[in-house]
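Which chain is which? They are A, B and C, in the order written, and residues in each are numbered from 1.
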Amino acid sequence: MTTLARIDDLHISFGGVAAASGVSFTVNTAEFLAVIGPNGAGKTTALRMVAGILKPDSGRVFFDDRDVTALPTHARVRLGLGFTHQIVRPFYSFSTVENVMIAAGHDLTRSPWRALSHRSRAAAKEKAATILARIGLADQADKSPRALPLGQRKRLEVARAIALDPKLLLLDEPLAGLSSAEAATMADLIRTLPAQGITVVLVEHNLGEVLRVADRLVVLDAGKVLAEGVPAEVMKRADVRQAYTGVV
Amino acid sequence: MLFVELAVKGLVYGCMYAMMAVGLTLVYGLLRILHIAHAGVFALGAYVAVVVANATGSLALGFALALVVSAIVGVGIYRFAYQPLLGHPPFVPMIVSIGLFIVMQEGFRMVFEAYGISFDNNPYYTSTVAIAGINLNYVEIAMVIASIVLLVGFGLFASLTRAGIGWRATVTDPQMATSFGIDPVRVRYINFLFGSGLAGLAGALVGLLNNYVEPTMGGLVSYKALAIIVLGGLGSVRGTLIASLILGVVESYGAIYLADVFDRDAIGFLFLIIVLMVRPQGLLGRK
Amino acid sequence: MSAYIASIVSVIGINMILALGLNIITGFCGQVSLGHAAFYGIGAYTAAYLAKLGAPLPLTLLAGTIMAGAIGIVVGLTSLRVRADFLAVTTMGIGFVFLGFVRKQKWLGGELGISGIPASGLHPVAYAALIVAFALGVIALTLWIKRSWMGFTFDAVADDEDAAPTVGISVSIYKLTAFGIGTALAGLAGGLYVYFARIILPDTFDFVQSIAILTMVVIGGTGSVWGVVAATIGLTLLPEVSRAASDYRLLIFGAMLMLVMRFSPGGLAGLVKRRAAS
């Protein structure tokens, strides 16, 4: 088991309210890690700190043995991090395939000079089409994201992140808002990623699917790590059950 | 002594800017549009005042009509330029507003002359009064009093009357307000009526103060008012008022101390740019 | 070709370089800029000052371009701090600060500007041809940018600058690049203007000029290259076509700006697209 990423004692507060009070956990290569916890536990906040969208007040984020705490999001993406938003944010003026293409061509968008000296979008288009096919959106390639229902937009968000060839994919509530059938399909899809070399960390509310597919759980409550381990054991713990239901 | 005099003059200008800027921030708070045509309303007020006063011999009538006509034209601008474009990104109505301002300015130039017109009978132009050793023109005093009266009046309106409370609710949360039965269109009318009337009155007062009304007079005041509402935190009336006074004073000092480097009009913007780089949300805006 | 036609062509060429430059900043990269005339002015003043010192034409043009681009990048830093409406007012402010500065500097001629600028050394027709050559080059450059991955990246930044970093785009670098290129082109236009007019006044580079340039971009269709080219030609020729129209020039500009945005926010390019679709 090699450590791909490590979150070390993260603290952050907003307007006097502490959203994270010392969150620490590790992510192992090729695993499927789920971060769960009741509402307001600070799961999304923690994920966004790993992605670089939020800056912690204190603590460190390590990725691939590198301290990335000071790096902005785009730099972390270049190191191999992918991220999907809780509320999907496709580029609405792009078509579905173009959304994936801009990510697929990440090597070319690295610097303006590199971008300027390359015109052909053929390779990126091909790569994007392959990913869309794998994810079941091949028929939607030329449609605007506005024309897609939520389930497909969420898949697009994942497709775009995969196109970055990430080592680590951070997914913020990918199942939220989906019907149970859609959620199951999405969970199955995400489950195939570690085998393809993409380590997955997801934040999720939908316990049913998560318990079915995750290798390991980290439970957050009130900005702190409450428990971690394999799903079967974690969910047996009284303190975990109490955090969720308020009942022992 | 110069120190104090500069501060007082700065505050007087600040009151004038406030009369312009409040109208702008009211529109922005409600519609998220930079209402650049507001400058045209300012000049319109001045023209109405001078034309009516010269025609009837009554300054009071001129000013009253300036207020009324500006208010109505302001609402008209909302109906023509903004209401149909509310679904578009704010960039679009702002450009229409710029175009409209240019049209108004050119319109004034064509109807009246480019060289400006004056009040035939302006007893206030040269008369000053000394208060605590500082010379103030009667019109400057009138400006300060008018701005205080009108702004306090609006503040009372907003807190005490049903229409006013409806207005405040719409600015804070438009959807919630509509679900309470408050008519957003009526609120916008109130907004433009008040803001534009204020601008027209400001224009009339400035025209009286300088005894000179010309087509481009709205421009510079309006641009500064834009800087002010950004400084004060877009949409915040209180922030705008404070920022107006601050800008007036900063300009007053800056014009003297930076006289060799920048001209007066640039100073306000320079101040704005520096503040925004340090605090991107403005002096009093919320992040 | 008469001298009159040569001068029209020259003005069209200069306006085109200005409009296409702004199109990169506002149209391609989505950064509102209401102070573009300031960079036109920076290029002009730099070139004029050096020309009066005896520097040759290629050098003055280059200096004007680089100076405008360099300061443009510094101004572009403001777009990293503020956005949209705030950026609009900030860039408007930049224009006023430039004007206010230049009006007070005796060594730049103050209110009277710089006069007695030496001739380009070329016959007016040849100079017009030079301007046209530059304009064509700029058209080619903007078309290249638009179709390259730089254009694709600009589109993403313009679409959603908060989502762009999640696909690895450094929004800051691209914004500064857009500003740098766009303002450098404005500086080039300024340098070319200097030898055309032989005298420069501060008022030539005021807010109204910034709006005039914006008008060409907006009416052409922000982001569209051919639309902007067409609009620039049309709007520059309009006052020439009718002597009467010349006095109403600003009024027509304002009216077109107002009416086009009111009824067809996508500009000419938008109209063409809609016709093609239906």
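Structure notes:
We adopt the following convention: contacts are C-beta pairs under 8 Å (C-beta built on N, C-alpha and C of every residue); 3 or more make two chains touch, one makes a residue touch a chain.
Please read these numbers as outputs of a predicted model, since none were measured by experiment.
In this view the innermost chain, defined by its CA centroid being closest to the centroid of all protein CA atoms, is C. When you average the Cα atoms of each chain and compare centres, the chain farthest from chain C turns out to be A. Centre to centre, using the average C-alpha position, chain A and chain B are separated by 49 Å.
Note: centroid distance chain B to chain C, computed from Cα atoms, is 30 Å. Computed centre separation for the pair chain A/chain C is 42 angstrom, with centres defined by C-alpha atoms.
Within the complex, the chain B residues that touch chain C are 28, 32, 34, 80-81, 84-85, 88, 90-96, 98-103, 105-107, 110, 219, 223, 226-227, 230, 234, 259-267, 269-270, 272-273, 276-277, 280, 282.
Contacts from chain C toward chain A in the complex involve residues 144-145, 147-150, 152-153, 155-156, 158-160, 162-171, 173-174, 177.
Of all residues in chain C, those touching chain B in their complex are 32, 78, 81-82, 84-86, 88-90, 92-94, 96-97, 99-101, 103-104, 207-208, 211, 214-215, 218, 248, 250-251, 253-259, 261-262, 265.
Against chain C, in their complex, chain A makes its touches with residues 51-52, 72-75, 77-78, 82-85, 89-94, 101-103, 105-106, 108-112, 114-119, 121, 160-161, 164.
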